[in-house]
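One structure, as structure tokens, below. Some questions next.
When the chains are written out, they are named A, B, C and D in that same order, and each has its own residue count from 1.
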Amino acid sequence: MSISKKHWKIRLHEIIYEADTPAGKLFDVVLLIIILASIILVMLESVNSIDAKYHSILNISEWIITIMFSLEYIARIITVKKPFKYIFSFYGIIDFLSTIPKYISLIFGGVHALAALRALRLLRVFRILKLARFLGASNNLVNALKASRAKISVFLFAVIIVAVILGTIMYMVEGEENGFTNIPKSVYWCIVTLTTVGFGDIAPQTPLGQFIASLIMILGYGIIAVPTGIVSAEYTNQTKPKKDEELHLNSQSCVNCLEDKHQDNATFCHKCGHPLH
Amino acid sequence: MSISKKHWKIRLHEIIYEADTPAGKLFDVVLLIIILASIILVMLESVNSIDAKYHSILNISEWIITIMFSLEYIARIITVKKPFKYIFSFYGIIDFLSTIPKYISLIFGGVHALAALRALRLLRVFRILKLARFLGASNNLVNALKASRAKISVFLFAVIIVAVILGTIMYMVEGEENGFTNIPKSVYWCIVTLTTVGFGDIAPQTPLGQFIASLIMILGYGIIAVPTGIVSAEYTNQTKPKKDEELHLNSQSCVNCLEDKHQDNATFCHKCGHPLH
Amino acid sequence: MSISKKHWKIRLHEIIYEADTPAGKLFDVVLLIIILASIILVMLESVNSIDAKYHSILNISEWIITIMFSLEYIARIITVKKPFKYIFSFYGIIDFLSTIPKYISLIFGGVHALAALRALRLLRVFRILKLARFLGASNNLVNALKASRAKISVFLFAVIIVAVILGTIMYMVEGEENGFTNIPKSVYWCIVTLTTVGFGDIAPQTPLGQFIASLIMILGYGIIAVPTGIVSAEYTNQTKPKKDEELHLNSQSCVNCLEDKHQDNATFCHKCGHPLH
Amino acid sequence: MSISKKHWKIRLHEIIYEADTPAGKLFDVVLLIIILASIILVMLESVNSIDAKYHSILNISEWIITIMFSLEYIARIITVKKPFKYIFSFYGIIDFLSTIPKYISLIFGGVHALAALRALRLLRVFRILKLARFLGASNNLVNALKASRAKISVFLFAVIIVAVILGTIMYMVEGEENGFTNIPKSVYWCIVTLTTVGFGDIAPQTPLGQFIASLIMILGYGIIAVPTGIVSAEYTNQTKPKKDEELHLNSQSCVNCLEDKHQDNATFCHKCGHPLH
């Protein structure tokens, strides 16, 4: 019996955690569809006009999905060797947080703040899509980003400081009557401008303010070059093979003339014709 | 007679499909002008003030162009060897879709939705401008884009997921009273912000919302570096000199073993040791 | 007498066209100041509140500057060898167009459209700043831009076509009630969005419209990478010296061993030790 | 006594200026916290609702921080060898300007313009974070920026001239009734558009204006590629391996003529023909 039990456990483990067996593939596809469906559900629920019409339907299907996820969650815990390792793993926490809200809504009623957590389900897509595979494809990219992380953070830190100082200046120049009601808000405006987003909910009215704003914009326009430059440079280096690899030269040296750079497929020294060992 | 018939068919084929004969050149130029004219016509028609004044003129000229296109379409079918291959080719479908709406408007009256199809005529410009030639010029660019397609799609996918999650958070923070009426709308806002477009039709009002928005903007400002970095890196690689040049390999072949890739400074064949002449 | 005349002509020519003599330097500096002053003048004139107060002052100083420029213009014609070559040169035309409006205003009264021409004076700054020197500094940049011109124009052409087609679709989706009153306007909106400018004077209201808008934005966000990628790649190539130059290798071959790549400063073959002729 | 005095001076100097001793580390951490706290304080003070409630608390804590900074300032002057060198150094001036406002407010009452100076405190963060270390990490970046400074300034100068001319044209086209009330304002709008910020506080209304605006946007969209291209190219060059590696030159020197740069595959000195060992 314990064997048969082990048996179905292993089978289940294969289905849930692997994608090699037909059953495993099917499981992944179904799960993917359910996750996307649940996200669309979360979105539709938030649209009043739709929620008003189809509340009961949305509610029921939400319950169905929640129960499905709960079962999956339990199954994952049962079938995995180290349950706690899974539970406190990144995906374990995601699975929990994206399943629990509906249950809580039973007790406290539909709490919006919690409902938001269900959006985390989206992250689960990555598990199925085997994020690793994707990133593996763009491995150089990841390295490039890692390599430029330090520089970009310095850069962003500088941007924020610039934003705080320029924001304070704009607050002085424009003042409350033009929408720059306080420093945090003008810092916010300054970031909006530096990043070339430019909502326009707040905009400088005084000539001086508009002049400073112009400088800020040109500054922002100029500094956007920096992170881009860093990433593309790093990425170019990442994708550039080492010099010798490129040359397909190995460092075996000829016993006769000591010439030490030969093509990988060389059997004789290209310099003195002596055979290479 | 069949010969003479064949004859004019071939002549017509040359005129329509080739641009080497003077007649063919003329045909292309005329067609190019007509297409651009028809696009301007479609635009003018949509401007009420203009349509009101010159309705009849616009309508007549639209009819003239439609008939011209119809004749061209028929001519293309007659003169081409495999009519169905053309009809279901990319340009064949474009030609059909951009010609038919006016006829349908006869039956159902001017249906706007269909009138839009006429904008597809613009695509026909590419045929005349021999898109291939252009792209040939920027062939490296096409390769670069192909090479970076996979990475950019991962990147865009990540952007969308970030937008959905941050959008949901903003919906929670700002709520309906500040224009974030539902999650799809806040996701839309989030994309507007991440891409640094920033319409400002919706803008965060609460301090917390503005703080999160700032983070989103700086994030968007930072990640714009990624696709740019990818493309420029890939493109740099595309425009790099061919491998062999870099390898300093010449194509002199060994008289003995016919090995045909040797370093420029090779005096003996690195494969069989036979001297190179 | 004719000699003395030639004499002052040459002296004047040196002062106006060259910057080596102290007088020439002084002339350039003074001219630079006058030009910038005249531009500020043009701007201030357009500000009603200022124009109302200081109209006479502005008018007089404008006349002074105009007369100065006229004298300079005449002086340039007199002192140059081939007057007509100058008159119809780029700067010759600029000089004329930026001087004439004030005179015309005498006859027809202050015509705004013409007053605008005075902004062209700004271009004259380049002559003094010896644009060449600047560009010389960034010569690679110019070459890079030339090299990428063809590709970028294809790219921009594609952007415009995309804008026309997507704009037409948005016009169909959103319709007149949401500000997309006609196709040209929605094309305008589409360009505003694709380029991530996003004024927000027009913004999609319908869910479908906002969905399409999101796609347009992400598209625009993605394609901004293309011109950047092109320019930086071309520019990287421009700044990368040719392979052989880098190696400082010339193609003189050794009469003894025919080794054909030697460093520029080589006097003996590095392979067989035979002197190089 | 003078010794003991020297003694505590040196000890204090170590604590304030160095971060090697535990006391020095502690000092830095505490100072960092105080600075950030003071910045938050400056921001909160500017928020009316908060200032109204907690005015006295904010005022007192501001005083505490000001006094702390004053003590630090004095301590720095006492303990440093050349007080005046410090006082007129970059950080010396920052320290003074960011401390003095509160005292002045005693005399003249809270002057906003001066209060702004306190935002300069943010710059002091750099001293603690040992900016050098950061930049050292991204040293290539600094070099890249230095290398591209000249080109970028030309570029920005060109952008401004384009903005002035296009701004003037837009002022002519749109006129005052559409918000382009004067040339400086339309130049401001033009910069807003060229940099793809696009507030939308001013937007073209006439078809012609919108057409020109579209051109401006596409122009701006195109030229953003230039600074990015420059920086990434320069940066790529910065991160490129040293010249000699690329040259395949080793530093073995000829025993005969002491020429010390030979190709890796050299057997004889290319200068004197003497064999290389």
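Quick notes on this one:
Convention: contacts are C-beta pairs under 8 Å (C-beta built on N, C-alpha and C of every residue); 3 or more make two chains touch, one makes a residue touch a chain.
The model shown is predicted, which means the values in this text are computed figures rather than measured ones.
The chains in contact with chain C and with chain D alike are A, B. For C-D, the matching interface among the pairs B-D, B-C or A-C, defined by over half of the contact pairs being the same residue numbers, is B-C.
Centroid distances built from C-alpha atoms place B farthest away from chain D. Two chain pairs, A-D and A-B, are compared here, and A-B has more C-beta pairs in contact (counted per touch definition above).
Chain geometry summary: the mean Cα position of chain B and that of chain D are 41 Å apart.
One finds 28 Å separating the Cα centroids of chain A and chain B. Counting partner chains per residue, chain B has residues 184, 187, 196-200, 224, 228-230, 232, 234, 236, 246, 265, 267 touching two or more of them.
Those residues of chain C that touch chain B in the complex are listed here as 150-151, 154-155, 161, 164-165, 168-169, 171-172, 176, 181-184, 187, 193, 196-200, 203, 207, 210-211, 213-214, 217-218, 220-222, 224-226, 228-230, 232-234, 236-237, 243, 257-261, 271.
Across the complex, chain C is touched by residues 196-200, 228-229, 232, 236, 271 of chain A.
Residue ranges of chain C in contact with chain D, taken from their complex: 39, 42-43, 46-48, 112-113, 116, 119-120, 122-123, 125, 134-135, 137-138, 141, 144-145, 152, 156, 159-160, 184-185, 187-188, 191-192, 194-201, 224, 227-228, 230-232, 234-236, 238-240, 246-248, 262-263, 265-275.
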